[in-house]
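Read the structure below first, then the notes.
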Amino acid sequence: MNLTINIGKLKLKNPVMTASGTFGYGEEYSEFVDLNKLGAIVVKGISIKPKEGNPPPRICETSCGMLNSIGLQNMGVKEFLKTKLPYIRKYDTKLIVNILGNTIQEYVKLSGTLDDAGVDGIELNVSCPNVKKGGMLFGTDKKMLGKLIRTVRNNVKNSTLITKLSPNVSDIREFAKVAEESGSDAISLINTIPGMAINIKTRKPKIANMIGGLSGPAIKPIAVRMVYEAYTAVKIPIIGIGGIMNYEDAIEFMLAGATAVAAGTANFVNPVATLDIIKGIESFMKENNIMDLKELTGGLRC
Amino acid sequence: MSKYLIAEIKDNRPVNKNHNLLVLDSPGIPETPSPGQFYMVGIEGTNDPLLKRPFSLFREGNGEIHFLYRIKGKGTGLLRQMEKGEKVSLLGPLGNGYPLPPKNITPLLIAGGIGIASLFPLAAKLSDSAILFYGGRTGDELLMLDELKGMVKELIISTDNGSAGKKGTVIDVLNIFLTSNSQLLTSNLLLYACGPSPMLEAVSRVASEKGIKGYISTEGNMACGVGACLSCAVNTKKGYKRVCKEGPVFAIEEIVW
Amino acid sequence: MNLTINIGKLKLKNPVMTASGTFGYGEEYSEFVDLNKLGAIVVKGISIKPKEGNPPPRICETSCGMLNSIGLQNMGVKEFLKTKLPYIRKYDTKLIVNILGNTIQEYVKLSGTLDDAGVDGIELNVSCPNVKKGGMLFGTDKKMLGKLIRTVRNNVKNSTLITKLSPNVSDIREFAKVAEESGSDAISLINTIPGMAINIKTRKPKIANMIGGLSGPAIKPIAVRMVYEAYTAVKIPIIGIGGIMNYEDAIEFMLAGATAVAAGTANFVNPVATLDIIKGIESFMKENNIMDLKELTGGLRC
Amino acid sequence: MSKYLIAEIKDNRPVNKNHNLLVLDSPGIPETPSPGQFYMVGIEGTNDPLLKRPFSLFREGNGEIHFLYRIKGKGTGLLRQMEKGEKVSLLGPLGNGYPLPPKNITPLLIAGGIGIASLFPLAAKLSDSAILFYGGRTGDELLMLDELKGMVKELIISTDNGSAGKKGTVIDVLNIFLTSNSQLLTSNLLLYACGPSPMLEAVSRVASEKGIKGYISTEGNMACGVGACLSCAVNTKKGYKRVCKEGPVFAIEEIVW
């Protein structure tokens, strides 16, 4: 039984990753999850300088989902390379670093530094809805997105380059194509969907930043649809994300066209969700006599 | 070491109109938790509610863990309906508990409302040395008074409407106590507070005015409970810290209001 | 206590409507709901000719939501005017007719006919494919949307004209502005969000049309955010729609900027949801000493 | 007239491994429902599951309504966990039941799996005149056999694996019956079938081949249950019809497969 999959030059032992921002730097979950078992760890978005993040409350629960506006709090790339990279390197898994910048130059500098440091993959976060001058523009403007990816591409030699698409567009196929044509090795989708919730007693927004990103099972049907649409538009591998809680959800995304999947909010609901998904996929393959997982990708019957 | 497991409900009984005591079977929980630590409790079989809910350790032993909880919204509303034999998911113990006072220091425990859940095991551990200020809106809301009486040196209760104990907030009562016991050296006192945010802020003010040290257990909307998601930020003198990881108990002076 | 609100020339006795397609033609729910109590009834989308609709399965449940692809099944405007209009007219409530066309001319003809027949409001469902423009949606192209509204506007004399916006756009404010500038009396939002679900056993889509519209509590945070954004962009009244299940949700939408609200999926979950919402709003106003409901609209405290 | 109310659970007991009998208090239900009609049952307090689930009238009387249900997915999985005293929402009776046979006509009832829930009250009403073909995958899956025996003229059971009754599908057994009872005039027979779609399709084939008339109870994914949403379309000779409103029972020849 073969669970390995390829994302660009990267070979993963299985298709299950952690979604950026939901698994810290791996360490936080290491008490519960044998990190060696994961296909890849995608870490929290990193910027050049450390970021303080938004004031609390930063999250609230919604029906079958949650809104978050962490505000890209992170320790900065320097500290990351010093303390977190060596930690994850102790494990036999791939490391993908999610990065964010306010200018193309910041993305170039960050990706160059990380590429030199030998990380396995770099995921461009071009869609984070949390910071006013953040990735928002790149993710919803085809021209800027193309330019960003092309420039970063020229500076990344060894790491696999993944573009994480924003769901906040009318036609995801067009953005998937831009990513492919501009040299991205793969795309991941979806990032959170901008949303808002109001406390009717205080009349205040439930999260301090007012608008946050919606994640969790609530968004799964939207994510599956977008993965399917992107799959009809591009040939590069797709990492499916959005409300994946269990192995059934993971397989649903693969049938829609995903080569790999990432669990985000699921980690909060079940700290061993990633392991349960891997085990579940294995049993599913056994029961259905599937020898190679790759058969599942795009296996939807219309 | 904390642990994740599916735990069976052994009991889930009302202690008054809007509070329940939840008793879980915890054969797999590895180590003894400290007062002030908490667990994340999750309802299985539905995605609504989605996230686990944080509850303080109330009591443990004999392979059981007890939580005292207030029925507040959707999650606790559903939890209340669960019965013996049903299962919940349990993650913990999490966070840092209350540091114990040095010898010869009198611990003043200040509990507002359901804040008592977190201070109860501390009171038990401090066996008879603590003075507990316990305030609620009305007399019916005060919980476990009989047990508490047997645990602490002095139990001073108060209610907003005067229906039990002194009339006023727990802070009013604390202030009166400090004024009328001015023979007590503030350096011989240590505050431990748990309750709603405005109360904690008031405690901090009292602490800084009178120069008393101590600890407060903070709250914050949590998703992961293990330090990974950065949801539960609380503003401290050293920037944002995580309630679930560096907290929930912080030295009073650390918190920026 | 004043619960009346105005949408264009239309005065509603209270702000609670039914969302198009979820309340049939009123008759279906009349056993449970005293239709006289509703602010307005928005009926199922009507086209010029009858439409058969899509093959089953037409719906499936998702986490806190549902996908539907009814395929615009309806009896056509002629039959509607003959049998359904007289029925609703027996009640003391306002009638808003949701219309759909594949060309601007179809919209013009439909709205003209309905305007002549004296319906109180016409709601343009612009989430329909424009056959002339290769199936592009009126609702996601600003130019086409503007042209559609302007042309319809010139032909509608008495009825209040409402444009129902598609959520499938990057910036809802721009579309809200187009509606306002083109002469729409009000906007309603949001329509369903395209989504998909796959049965992993059969590997087939869970609804026959593959892609359907996501509705229900799952989408509420997205809808509240869009209502808020639209409110910051236009002055015409907004009808808030999307996952409203109870009076708390209705008030949340009003605080975000809605003048009125419509309950859709809620009717399936609780057939008297609309009445419960009206009652709940009344109690809320009493408890909070709100004399005029209009105070709530846009009452968010930032 | 159908009605919407919140009903209390009086009992919710397993009848075998994966089927339960749900007994609801129904003081407010206004009229006597007919066999073949159904209700929508909803779980309160969560939006997941969101929609109500359709269940056929199984039995009613003494202010109670009974449903026999198979534990299938999320909704029935949660329903099974509910206990006496908890509440569900109830909408019904809905749709059209089975038209009763004219005098001197022998009704042949064909139940596949949980389809028995809908045919059970019909069998009861036809008091001793019906022949019931009841098929399941295995013997343990067959429900209420003792009650059924007392209700029908003849009970012919079958299982896919032969673990109870005849081996084969209910259709196999029906065909054998029709062949070996060729003295029965097909015009003196009337079919009533409820079960999974493939079974209903097979029944329709038998009916048209042998020229027997009858009724089938169809299924369809439902949202509203009252004819408003057009979710539950079934293809008929006259175009799409609504299972919840024009159905769930249709004349066999109406349905286009």
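A, B, C and D are the chain letters, set down in written order, and residue numbers restart from 1 in every chain.
Just so we're on the same page, a contact is a pair of C-beta atoms (placed from the backbone, for glycine too) under 8 Å apart; a residue touches a chain by one contact, two chains touch by 3 or more.
This one's a predicted model, so the numbers in the text were calculated from it and none came from an experiment.
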Set of chains adjacent to chain C and to chain D: A, B
Between the pairs B-C and A-B, the one where more C-beta pairs touch: A-B
Between chain D and chain B, distance of the C-alpha-averaged centres to the nearest whole Å: 53
Approximate Å spacing (C-alpha centroids) for the pair chain A, chain D: 46
Separation of mean Cα positions, chain B and chain A [Å, integer]: 36
Set of chain B residues in contact with two or more other chains: 47-49
Junction residues of chain C - those touching two or more other chains: 63-65, 216-217
Category of the chain touch graph - line, ring, star, complete, other: complete
Of chain C, residues touching chain B in the complex: 63-64, 217
Of chain B, residues touching chain D in the complex: 45-49, 74, 77-78, 81, 83, 86
Residues of chain C defined as touching chain D within the complex: 21-24, 28-29, 31-32, 44, 52-61, 63-66, 68, 70, 73, 216-217, 245, 265, 267-272
Chain B to chain A touching residues, read off their complex: 1-4, 42, 47-52, 89, 91, 220-235, 239-240, 245
Chain A partner contacts - residues on chain C that touch it in the complex: 62-65, 67, 140, 168-171, 193-198, 200, 202-205, 210-211, 214, 216-222, 224-225, 228, 243, 248, 251-252, 255-256, 284, 299-302
